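Here come two complexes built around chain A, the first alongside chain B, the second alongside chain C.
Let's look at the complex of A and B:
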């Protein structure tokens, strides 16, 4: 396909729109639904409406809406990046794609081993979803990762995967693993099993939430300071918080960008380590050989 | 009634402050240790700077976890606990 043709460019533009429109949509939703009141307040995710469900009503909140919008945006980004792939790279974005995929596969292979090399797409999608969700706060939106329900969902997914790979060594071996090193340790081992997803969820959510809480507190403090010192200025000048210019932006560099990306990386890293650590390699191979012998007989 | 609500709010704020203050000691010491060792390692072998730095940041973020737990508890104490406590108090008085 010719990348100068009109059709190619139109499709490109559509993909870019698919990336940008969800973010705009989230901004519009926030502007429309934000409760009027004082500019500075710390609130959780807003509940838009509740759906009736058999067990319990399901509230639809900002966190859920924003997560879906981020997912659509990432899908648009992926489609844009992979549009017009050729065997010999002619587009710059193809080189970037190949670099990202090679890096991810190398990372997964290095920390999970060869058996799990098919996990690269899963890890990459967790990384992308987490990083882009946290970066939403750059637009002044409520990042979905600052809601514990979102992160707890991912952590439960990881927990299910861990249990699945532990069961690969046989159900009896799985149960036996709880009584090691001695049977008195069983309650502690069960607690430790549950602590993994809880700690993963709390770590991610706490870091992102602390960033937004500190940002709000600093904005409030600077506003107070500004009205205290510059309040004597005539006209409306005294009401403009001049001290809010600059400092919050520098802090947001750390709390929004560095902290968000760091937590995404750590979440992905812990996912890899936990899943590959749960897999009993020796037991699995023993069972495999036993099955092979049985089949031969 | 006012006195009771005041005591609840005050204790929640006090608890949050103490929780954050004590909870920050551990991660502070741990991260300081990690960074000092990383500095020593880089000083001894400057060519391994990249690997040491990335491992150190990873370790720091994991050492931070207990501090984050303290932060979550403090946030719960400030924003969530007072409402629940006051409601319990009101119910108890209404029942009595």
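Let's look at the complex of A and C:
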């Protein structure tokens, strides 16, 4: 395939559009639907409509819609990055995606061991979804990770995986694990088991949400300060919150970019450590040997 | 527009989010990891085959070099052998030719000598025949007319002289 050909460029442009349009779409939706803010308001995601479902009605909120848009964006990014792959690696984007893949696989191998080497795409998907969702706040959008339900879903998936790998050592061993080191510890052990996903979810969600809350608070405080000090200026000049220029941008650098990426990394790290820590390697090997012996007999 | 409370747990939203993560996992696996790893694997294989080809070529070149060196040293020996045999053949041929020439010369010489002897014998025979003829002639003449012994002798002498003259004249 020739990367200079018109066809290649058109497909490239389509993929770029697939990356950018969802974000644009989210912005348009936000502008069309957001109620004009009155003073300081700290609320959850906006509800677009509510679907009647058994047990609990399902409200479709910005968190859900933004997650889907981010997913489409990530799909576009993947297609764009892997477009025009060659053995000779003539495109720079190929080097980038090879770097990503090598890094994630090395990271997974290092912290999870060889048995879990197939986990690189899963960890990468956690990183990508979490990071891109949190980075949506750079555009002034509602980051889906500031909704507890979104992060709780991921944490529950991680919990399912943890339990799955614990069961690999045998169901009885799994139950016995709760009574260690002594029998009295059982309730605490069960609590600790449940605490893992809960702590993961709350850590991630709390960090991102607190970033947004602090941003709102600081913006409001700066507006108040601005009108207090510069309110004497004639005309509409006093109304303009000059103090809001500068400082919120620097804080956004920390709360939106650094904190968002950091939380994605921490969530991925905890996922890796918890899953690999849950896997009883020795017990699993023993059972495997036993099974082999049985089959031989 | 309504908004959610800041903490509101909803089972369906949790399930949707869980499914979203799984879908992203499948997307990354299918559209990022699979194609890129395939290309990387292809590259690894290409590099491996390049290396083995290079090793093969090097091995081939070394064996070729060895064969050439062997051939070269063999060629030196061969050339020496050829020259030696050529020299031998030449000297042999030279000897043969010399022998032949000598034999031929000897033959010619012997033939010439034989010829000479034959000629002489012929000449002697001729002379003898002539002498016989002459003496016959003389005898006839002597028989026809009586001669004194002196006459006879004189005659014979003069005849012989004349013959000698004649011989010299001839």
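Points to keep in mind about this one:
Assume the second predicted complex is superposed on the first by the 294 of 297 C-alpha atoms of A that agree within 3 Å, B and C clash if a C-alpha of one lies under 4 Å from a C-alpha of the other, contacts with A are read in each partner's own complex, and residues count from 1 in each chain.
Here is the rule we use: contacts are C-beta pairs under 8 Å (C-beta built on N, C-alpha and C of every residue); 3 or more make two chains touch, one makes a residue touch a chain.
Not measured: the values here are computed from a predicted model.
For the composite obtained by superposing both complexes on chain A, the positions of chain B and chain C are free of clash and fit together. Touch criterion met: A:33 reaches chain C, while chain B stays clear of it. A count of residues in chain A touched by chain B and by chain C gives the higher number to C.
Contact with neither chain B nor chain C is seen for A:194 once the two complexes are overlaid on the shared chain. Contact with both chain B and chain C is seen for A:209 once the two complexes are overlaid on the shared chain. In the overlay built on the shared chain, the residue A:253 is in contact with neither chain B nor chain C.
When the shared chain is aligned, chain B comes close enough to touch A:269, but chain C does not. With the two structures brought together on chain A, the opening angle seen from the C-alpha centre of chain A toward chain B and chain C is 140°, to the nearest 10. When the two complexes are laid on top of each other via chain A, the two nearest Cα atoms from chain B and chain C are 7 angstrom apart.
Residues 42, 209 of chain A touch chain B in one complex and chain C in the other. Chain contact summary for the complex, chain C toward chain A: residues 1-25, 27-29, 31-33, 35-37, 39-40, 42-43, 46. The touching residues of chain A, counted against chain C in their complex, run 33-35, 42-47, 53, 55-56, 58-59, 61, 63-64, 67-68, 71, 74-75, 78-79, 81-82, 85-89, 94, 97-98, 100-101, 120-122, 124-126, 128-129, 147-154, 156-157, 209. If you check the complex, the residues on chain A that touch chain B are 42, 199, 202-203, 205-207, 209-210, 213, 262-263, 265-266, 269. Those residues of chain B whose C-beta lies close enough to touch chain A in the complex are 57-58, 61-62, 64-65, 68-69, 71-72, 75, 79.
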